[in-house]
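All remarks here apply to the structure that follows.
Chain nomenclature is as follows: A, B, C, D, E and F, assigned in order of appearance, with residue numbering initiated at 1 for each chain independently.
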Amino acid sequence: MIYLTRRERFNAAHRLYREDWSEEKNMEVFGKCSNPNWHGHNYVLFVTVKGELKPELGYVVDLKVLSRLIREHIIDKLDHKNLNLEVEFMKDRMVSTEQIAIAIWQELEPPVGSLGVELHCIRLEETENNFVEYFGK
Amino acid sequence: MIYLTRRERFNAAHRLYREDWSEEKNMEVFGKCSNPNWHGHNYVLFVTVKGELKPELGYVVDLKVLSRLIREHIIDKLDHKNLNLEVEFMKDRMVSTEQIAIAIWQELEPPVGSLGVELHCIRLEETENNFVEYFGK
Amino acid sequence: MIYLTRRERFNAAHRLYREDWSEEKNMEVFGKCSNPNWHGHNYVLFVTVKGELKPELGYVVDLKVLSRLIREHIIDKLDHKNLNLEVEFMKDRMVSTEQIAIAIWQELEPPVGSLGVELHCIRLEETENNFVEYFGK
Amino acid sequence: MIYLTRRERFNAAHRLYREDWSEEKNMEVFGKCSNPNWHGHNYVLFVTVKGELKPELGYVVDLKVLSRLIREHIIDKLDHKNLNLEVEFMKDRMVSTEQIAIAIWQELEPPVGSLGVELHCIRLEETENNFVEYFGK
Amino acid sequence: MIYLTRRERFNAAHRLYREDWSEEKNMEVFGKCSNPNWHGHNYVLFVTVKGELKPELGYVVDLKVLSRLIREHIIDKLDHKNLNLEVEFMKDRMVSTEQIAIAIWQELEPPVGSLGVELHCIRLEETENNFVEYFGK
Amino acid sequence: MIYLTRRERFNAAHRLYREDWSEEKNMEVFGKCSNPNWHGHNYVLFVTVKGELKPELGYVVDLKVLSRLIREHIIDKLDHKNLNLEVEFMKDRMVSTEQIAIAIWQELEPPVGSLGVELHCIRLEETENNFVEYFGK
């Protein structure tokens, strides 16, 4: 079993916000992260898959294929977007780093599985000081 | 003469956009950077000042004072903000990395001068692949 | 279960040294790391906590609260300090990266627990080439 | 139990290639990574060992000893080399990041064990966007 | 006048070598960098251009256009290549970091000029510890 | 003319301090940087030299020679040392980043000149947020 990680990046706007709370309540709980005019980040995404080495090819999965799959399912939908308003799979979720990571897991698990490897970890960095990791359970 | 650089960071939303153009024209010229729902970045700012060494103190300027000045004049006004809508000194400017850097220069030059040093360079990184430098002329 | 990591930094002096050994013995075993006049590092600390997502808030723990807790219990006690002479919780320990990491775990586990999450890992980087990780057992 | 990681680097040439395939087949499957004239990388290697703290010394293993061991067994054999042509322990293997990591594990496990610690992970970065991890099984 | 920098990367094989010297002489002068079986690097290229701000667009030059131009003239010709054998514009040159940087300047200056900006600096990093800068004179 | 930069690192203890001031005055002016028990840093040093390309060798100066020279004149004297107590060339100077950079310039200029190149810049990073540059005048 070997673990392979691909790094990708996307730049997006977001805010922490609950629709069923007043703006005052949102600001009180989430502070400046709830700015109604949005703010944004250069998110850094690490997708780790695991699998057996394919002996005839020497690798677990073709990195070009993995990268293309991440771009198609995730990056193209998140990059230069407003994560609260424009991302189908973030609908009805708090747009926190935690929730984005979990949603990315759910979006990537089926297509990654179809490559004959298993999704192992989604790591999402919001700033150089903060990141989350999700292992699917 | 010695050069001292302080790094600070801010996370903000923006878009490239001209009000006197239609949305179609904006999208045609600026592409996804003109998304009307905004996107954002972790901007990294390097402020370089130059001056003579103060022999009795061993430094050009007190870093704590310089950092506080940058926070007061720049970071507090840009961090977790929408650069198009909420920043007084970006009014009537294209919110490009170039224009933000020039505006930061104009905001910082007077207070930096009052510390007895000269502003030398504003370097602003938008992503790990793009940055601009402005030397005031 | 999701894992959240906060990065903090502190700059400190230290030496590897056993009081019950002669200076010669200390130098022989620990080399230049035992310099009696001290040396120092920019330590980089990664604190990883794990917990269930709080569904009403979208996160595991409020990052501002976690950061403040790490500053109060760790950074304020280690930053710009001599780790051998001035840190209560390093008394009677070898001031190695390993021992500092273990001591940080012991200091942080109770207050982190009071936030409703579990401390998962202390990662402490001494230089860009060396780091230790401690998982509490 | 504590985990200690040492980072080392080596610069080398390689290609993805199967001798029993035609050049056309190699190029079709491996693309530009199969260029018969070679290409190369600045590989970054992270060796993680685990063990009990030696209480009298305060560390798991002497970093100077660990670093020297990695240099002798791995770096001196890979740095500024052609990984397909000049490395005894890569003979008859596909020279993929995965296979290099597994071979490094096999080379390092015995000598690391002789230091009284256990090899835990080989992490090998080929570029800033790609890395593999191998845990020995 | 404002300075804009774009970072690009390429992975390539090379050796330091003079055809008119014996292998012994090459090894004696250039050491392991002259390995006849090649070695390689992840080169990091920073292209800095300077120009007046285009007031109607807010930038000096369209980054997408600049990036495409660098890819077409440089990256596509160097990435996953052998710099000694396969690069037209490196023919009859020592394949040192210095010479690669100067050659990149010569290749880029005309097309960059056609964008209405001036090429200011080529910075080429061979490893995290070594880089060269060339300003065209 | 081409510019070549070599990065080196050293870990050291220091404090900001004037002997002719009381401890109270030192603490008042320099704050925690004046802790009498010392603190320390992982300093990162960039030495930039400039010169004509040696056409027969393809480089400005042999990097191995430059690196050895920096190690001999600077790193061996600063690494794992107390910069206030143990460094001949820091005697009677404030041990600020600015003064260390200037002293390194003065130490390196003669031997660098003997390599047939000119010292261009000393850049010294104290933390990831602070650095100074000195160009010799």
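What to note about this one:
FYI, a contact is a pair of C-beta atoms (placed from the backbone, for glycine too) under 8 Å apart; a residue touches a chain by one contact, two chains touch by 3 or more.
Computed from a predicted model, the values in this text were never measured in an experiment.
Counting hops only between chains that touch, chain B reaches chain C in a minimum of 2. Chain E and chain F touch with mostly distinct residues; of the residue numbers seen at this interface, under half occur in both copies.
Chain pair with the larger contact count among C-D and D-E is D-E, by C-beta pairs in contact.
When chain centres are set by their Cα atoms, the one at the greatest distance from chain B is D. Of all chains, C has its CA centroid at the greatest distance from the CA centroid of chain E. Mean C-alpha positions place chain B and chain F at a centre distance of 29 Å. Centres computed as Cα averages put chain D at a distance of 34 Å from chain F.
For chain E, residues that reach two or more other chains under the stated contact definition are 128.
Interchain contacts (touch definition given at top) occur between A-B, A-C, A-D, B-E, B-F, C-D, C-F, D-E, E-F. Residues of chain B that touch chain A in their complex: 9, 11-14, 32-33, 35, 37-42, 79-82, 85-86, 127-128. Remark: chain C residues 1-8, 48, 53, 56-60, 63-64, 67 touch chain A in the complex.
Of all residues in chain B, only 16, 18, 29, 31, 93-99, 101-102, 128-135, 137 touch chain E in the complex they form.
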